[in-house]
Amino acid sequence: GGDDDADPAPATTEADTPAPDPDDGPAPTDPDSGDAPATTAADAPDGDPPSELAALCPVDALDDADGAVTIEFWHSMTVELEETLRSLVTDYNASQDRVQVNLVFQGSYNESLDKYLTALRGGTRPNIVQLEETALQLGVDSDGFVPLQACVDASGYSFDDYIQRTVSAYTVDDVLWPMPFNTSNPILYANRAALDAAGVGPLPTTLAEIRTAAEAIVESGVAPNGLSLTSSSWIIEQLFGLADVEYVNGANGRETRATEVLFDSELGLEVFTWLHDMVNDGLATYVGSGDDAEHFIALALGQAAMTIDTTAALRSVLIGARDFPDVQVEVGPMPSIGSRDGGVLVGGAALWLDAETSDEQRAAAWDFMTWLNEPEQQATWHAGTGYVPIRQSAIELPAVTDLWAEEPEFRTAYDQLVAGIESSATAGPVIGNHAQLRERAMVPAFEQMYLNAMPPETALQQAVAEANAVIADYNRRTGN
Amino acid sequence: MAVETIPASAPRAVPPTVSPERRRRRRRVRSFLNYVALTIAAVVVLTPIYVTIAFSLQTGPQALQFPGSMWPGELDLSVFRRVFEVSGIGRYLFNSALVAALITVGQVLTSITAAYVFAELEFKGRNLLFVAFLATLMVPAEVTIVANYDTIVSFGWLDSYQGLVVPFLATAFGTFLIRQAFMGIPRDLRDAAKLDGYGHMGFLWSVAVPLARPAIAALSVFSFLLAWNQYLWPLLITNDDDFRTVQIGLRTLASSNITEFNLVFAGTVVASIPIFVLLIVFQKQLVRGLTSGAVKG
Amino acid sequence: MAGVSFNGTSKHFDDVVALDQLDLEIPDGEFLVLVGPSGCGKSTALRIIAGLEEATEGTLHIGGVDVTDVEPQHRDLAMVFQSYALYPHKTVRQNIEFPLKSRKVPPADRRAEAETAATMLGLGELMDRRPGQLSGGQRQRVALARALVRRPEVFLMDEPLSNLDAKTRVQTRAELSELHATLGATFIYVTHDQVEAMTMGTRIAVLDQGRLQQVGAPDDVYDRPANLFVAGFIGSPPMNIVEAAVERIDGGIRLAIGTGAFDLPESWGAAVSATGIERVAIGIRPEHLRIGDGPIDGVVRTVESLGHERHIVCELAGTDHRPGDLVPGDLVIVRQSADDPAPRMGEAIHLGAEARHLHLFDPDSGERIDP
Amino acid sequence: MAGVSFNGTSKHFDDVVALDQLDLEIPDGEFLVLVGPSGCGKSTALRIIAGLEEATEGTLHIGGVDVTDVEPQHRDLAMVFQSYALYPHKTVRQNIEFPLKSRKVPPADRRAEAETAATMLGLGELMDRRPGQLSGGQRQRVALARALVRRPEVFLMDEPLSNLDAKTRVQTRAELSELHATLGATFIYVTHDQVEAMTMGTRIAVLDQGRLQQVGAPDDVYDRPANLFVAGFIGSPPMNIVEAAVERIDGGIRLAIGTGAFDLPESWGAAVSATGIERVAIGIRPEHLRIGDGPIDGVVRTVESLGHERHIVCELAGTDHRPGDLVPGDLVIVRQSADDPAPRMGEAIHLGAEARHLHLFDPDSGERIDP
Amino acid sequence: MNRRPVNDRARTRTRTRRRWRERGLAFTLLLPSLLVFGVFVFYPFARTFWLGFFETDPFGGRRTFVGLDQYTDTLTSSSFRNSLWVTLKFTLLTVPTGLALGLGLAILAHQKLRGMGFYRTVFSSTVATSVAVASLMFISLLSPSVGLINQAIRWFGGEPIFFLQSPGWALVAISAVTVWQNLGIIFIVTSAGLQSLPDDLYESARLDGASAWSRFVDITVPLLSPTLLFGFVVLTITSFQTFGQVDLLTNGGPLEATNLIVFSIFETAFRDFNPGSAAAQAVVLFFIVLVLTAVQFKILERRVFYGR
């Protein structure tokens, strides 16, 4: 082993093809620290061969460690998800004596990210942090992480058994940044009892069908609303993926840095109009952010009969529904706008390796992550939560086959993930401050439509303008 | 003086005497109405607390079955045990208590010494300093929070008790409160102590402090309450479970158990019990400390 | 029309009996002074008249009407509080107008009334000041003006002069007497000041521990105190009280004090005999003790000259030591004119008094014994 | 050994001259009473002796040593405050021991000392009470005990009796005098009470507006006040002061008051002539005015009986109206014995006084004119 | 005993030395407070001004001097102006209501009735709740699903009200939490104020024939005005510092309806990672609070009666 002080700034690693960026301002004045690099990773010249990367992740360092290496793992899992993760970690800690993983809950993905970025300014950082898929560009830009490509290179780890799309989603310019872990996509949740009462047959698979079903539900008086709706813009991004349409420019931000959004289109307007009409025609009820599970509770209480949310909630929903005899949970694939040429995006989160870690800790983290992604663990993980198992061999394991036989709801997400094609549109958008774009541009536009009945055209224009401003602001501040 | 301009006023213009029974009845009605008003007000004030306790004792759908949900289910207190198991709230409570206690002791001490200076010692620039003290009241903590965060980082005090405590060890409000109390001590006592052979420190600790006890008690309660209830700062500077305070613990509890309301509400109840006890014990001191002239400029 | 009468009125505060079965008739137009030591129930009596306190037992009549249950705002009386109770945030004018305001007197009339009352009390220039900017005497007059402007039939005053300095006090005393004479209203005046008690009232009522001890014209109370309490309370320096053994001699009785004795005429014999007591408390006012020849022996302890008069404190020979006192033996005080020759300290003297100036009391019950 | 002397000592508070060039020698063992109206600088003088206030000018000597800059804790004196300044949170014992504690007296000795002082003042049973549980008189004794236990050579007392009720006051006055006699220490005693001033001190010093007006034995000050201020200040009721026009007649001077006049013997003529003034202020003590025959006409306004004596307030005929007063004309007070026949209110009377009892003052400078 | 003769000429020297000793003592006693204030109030305050002149990247690395740009951007941005407006509304919703309710309770409890101790404890009980506790407690009332109010509405067959999700209600709901949480301390402070008012004034007013209303308006309010002013100013300042309720209940939404200024500062600094812009907002906030407090004192001071 040796050097405990790992190189904290993998400036050699870099993410982006150098975007021809003319407005790189005048030499910045720095009041406090003159030694900060004037350029960021994204601006550095391309092309460090993988072999050099491997030095960042001495995967054998654990062999030299005296005693167990402790690593801290910040996560955002709640309820059943947290329980399952906790029991996995406990199993891992018990299965060997070289690594000890400490789980720390840090709030939602956004809060976790905020905390991590705050800690970058100084403060205690975790060794592993679980960040949402939207954090990809930010994670790359932050200089805070070791790209896991380093460990892959160092250990010769093979992703052959993985569902390829989960790996490529987190790969930028052939460098894998975080380790894919909990992978999800949205599915349609419905109360079969209510649908039956309203005379709705098979679950709707398109937005138009949802509307029809909702109309039937409302008209029959089974429930005051057909659909309960949150302000999640993830679902909107998924619609674009399903339609194989890019969300931002620069090949969804994967070839060059994104500078503007692309949903200022017919398709965008169609989505906005649908959302607007559903709520304003009294077919859908808007319940807020969804962080408080109100959209599901609305189903439980008979306020609505359908909602769309991540498959990760499946286990919790099935458990919760036991308390409500009038509710029979049925799930179906994520509805599309019409075409299903693309596929659902890889949602969920991935595990990032902090750069301020010792060699032993990097090795330990790598060991833990690879263990976590072994087929057995993925099967357990899948059954306990609803997340998609990302190992192909996992679905052959009895844990999964039995589960699918008994609770077929669990295969929905897997099926639609593997059904998707591989394209820049289905890889998902890469935006520097994706979370902020959602909060600042999308949520207000939705709320304007839902709460103030703003016409969809206006809302769309507002969202586009605001989103482009958010992107521009980020790019300016990071010097891109 | 024109007597005529004064309207009828003599006792004879007064309603003729009421019989004692009527009067007693009237008085009883009046005090009954008072109790009704008081009770309504009390119910309104207590409703959120009550409902929280009731909900903490209900599970799942039970809590959604109005009007049954208004009454606690079976008195199954196991949820309170679960709170401790699930969320480490025990540790959070300990942290809060420790931090609040340290802040309280610190604030009381610094307030006493600073208040003594402003009440008893004369020197050039004293008024200017006093104004500077009071000016700190005008700076919302949030204004300086970014810079303070950087300071704490540079001290390496993130996730530490120092970080939670030290920035609050001085208080202009407390200084002001105690100064008022000191100024209320008769000058004669100060002089008598001088003649009895005591200097400033002797007078401060053996006369002024014991006499300012009501104000000190009020300040202690206030400091403790404020410290216990701090939210933004601990949220910002603690990431480590070992240093989280109960308010942040509650926030975590609430966001990690979005569907288990009873657990969240039970946590809420647990987090407020220590302070309720404190309040009931020290309520009199609080009011007494305040009546001794602290509030009236 | 507006006499006040207590009929068996009592007031209990939990255990404390603040007023005990008070029977007292105050005729219309009287200036009654209520005196007594601190805590004897003076303020309580006044507050019951005002209706600020409810009597526990008994009734209260004003102007012949039972007002026991009438609210204070409906009794036609005004009160001057010991503290004046001026509204500190109102100007003098607003203070004086306040009672009229609540009676809905039109503003112009209010102003005129207030002006009149203020002029009468010499407050003319102070109308726009706040109470905080006034001297004690001025505040007292504002309180009076506020009471006056109502023209009530009964005035209640609770130690209104106690905050004033000596000179203002003398002056205000005179003004109050004039006022009483002018208005002809009933005044009930609480004080614990000797001089006020003696000089202001048409009658004095002496209270102790909630009980009425004596009521009468000031001179009567001074000259014929009804019991030991009144004897000791009225007069300054107070009446000298000395215990004596009763010996029967022919033609009267002899009272032995220390080494000396007084012989009393026959008329007393019967009175004392009637009570059948063996010891008697003799009261002698300081001005009635003569130094020179007399049956009682004593030693001069201190001589206090007040300029116009002298107080001579004498220790009686043969009387008891009281523990805790700096000075042993029974002390009596003699009041002397400054013109008389002053004794020296430590001088042995003889003291005497005329029999008609002696007051006799039953030492146990405290009641006066009259010949 | 422990006399106190002020040498041109002044004290200024910003604009206020609290003490103005005071020169005063207080010999060892004297009981000096400092009197004067409120705000005249009494407390300031005392506090300068104690070292609680720094003199602005001049020096202060104690026992012949200049102590102007010595800290209070290093001057050997004890002070009894008007408020007693007892530590309310300490028991009587702790209060008394407190000064010894700072002197590092061992606990056992401290306790013994405190016991002795307490016993001497009859506080034996109260040692474990708090000041709040004591009566005014008892508190006063605790304050004294706390001062005593230090055995200082100078005692300072700032109106120590002003909070006591009349009876306790008489008693404590006597005890203080005894104490002074016993200890032989220097006592400096501030009061604004007439009786205390006249009776307690070996000398009185009268202050007004920071200036020493007169210092002397009490009777001297009473009988020969040095100026109008002292004349009006000492005595109660105060000396009557009436202005009169000076007319020279043969064989003396005539002083015209209202409709009447006094003729004064020759001896005064020279003195008055020497000053060359046209008007003179005449002072006559109430006890020296005689009702009956006399040159001055007046009308009886009120008669106040105090039991042993009577005060008769008379308005002088032909004198001026004073605005703001309820009563017009110059008023004089006559002090009468209760034995004399009382005049009726409104009765027209003649007033006279013996020439030897008249005090004459220059009405402008206020200085006494002596024959 | 310890008499120390002092030379006349040494007088000034003695006095100067004494004065210096006092000054040294004063400084020593003030030192702890001064240190804390210096490090955690004055220095960061100055630094905040300074930070406002720089734009930074989200990672705290890169800094660009932008002069007053951020200040002018802040002042002109519609979001910041919205925050100000929301904060102002919030202040108007919470301060007068809180004071009126607290004073009302204090007056109600300022009677000599049996059992009053119980009611006093109840009325002051909300001081024992922190922001977090109060917010969570109100979830039990306001949540669209579990909330008791909505349960009742549903039970009666109505549509639930989304108190925290609708722009019309959210600020009111946040205000209700705040008023409720402040009630206890306002009650305690005004009770203390009431208790210190002299009884004799009320008695005198009754004899003067004043009605209960007149006694309240003519005596209680003017005499309590220093306490009320104190409460007014303090509550206003704290309403400008409200954070926890928003963080826990609405996150500034919906549609920024509850985006109180401090929340906005916090978001800018620790979610958007734009400390410069946050600092600029903070500085503007400071001046607003300063001016507001000064104005309140100026306007209200005239109506306040400060005792004798």
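For reference, chains read A, B, C, D and E in written order, and residue numbers begin at 1 within each chain.
In this text, contacts are C-beta pairs under 8 Å (C-beta built on N, C-alpha and C of every residue); 3 or more make two chains touch, one makes a residue touch a chain.
Keep in mind that what you see is a predicted model, and the values were worked out from it rather than measured.
Participant: Considering only chains that satisfy the touch condition with chain D, which of them also satisfy it with chain E?
Facilitator: Intersection of chain D and chain E contact lists gives B, C.
Participant: Per the contact rule at the top, check every chain pair and give me the one with the most C-beta pairs in contact.
Facilitator: B-E
Participant: Give me the ID of the chain with the smallest distance between its Cα centroid and the all-protein Cα centroid.
Facilitator: B
Participant: So how far apart, in whole Å, are chain A and chain C when each is placed at the average of its C-alpha atoms?
Facilitator: 93
Participant: Using CA atom averages as chain centres, what separation in Å is found between chain B and chain D?
Facilitator: Whole-Å distance between the two chain centres: 53.
Participant: Where the centres are mean C-alpha positions, what is the separation of chain C from chain D, in Å?
Facilitator: Measuring from centre to centre gives 26 Å for this pair.
Participant: Which residues belonging to chain C are in contact with no fewer than two other chains?
Facilitator: Within chain C, residues 75, 103, 150 contact more than one other chain.
Participant: Quick check on chain E: which residues sit in contact with 2+ other chains?
Facilitator: Residues 145-146, 154, 270, 307.
Participant: Could you list which residues of chain A touch at least two other chains?
Facilitator: 118, 121-122, 292, 300-301
Participant: Please name which positions on chain E make contact with chain B in the complex.
Facilitator: 19, 22-23, 25-26, 29-30, 32-37, 39-45, 47-48, 51, 104-105, 108-109, 111, 113, 115, 119-134, 136-141, 145-146, 148, 151-152, 154-155, 180, 183, 188-189, 191-193, 195-196, 226-227, 230, 237, 240-241, 243-244, 247-248, 262, 265-266, 269-270, 275, 278-279, 282-283, 285-286, 289-290, 293, 306-307
Participant: Can you list the residues on chain D that touch chain B in the complex?
Facilitator: 47, 50-52, 71-73, 77-79, 81-85, 87-89, 98-99, 102-103, 146
Participant: Which chain E residues qualify as touching chain D in the complex?
Facilitator: Result: residues 1-6, 8, 10-11, 14-15, 18 of chain E touch chain D.
Participant: In the complex, go through chain C and note every residue touching chain D.
Facilitator: Going through chain C, the ones touching chain D are 37-38, 122, 165-167, 170, 174-175, 177-179, 192, 194-195, 198-199, 218-219, 222-223, 234-238, 285-287, 301-302, 304-309, 311, 313, 323-327, 335, 338.
Participant: So in the complex, the part of chain B that touches chain D is made up of which residues?
Facilitator: So the residues of chain B touching chain D come out as 186, 188-189, 191-199, 202, 206-207, 210-211, 213.
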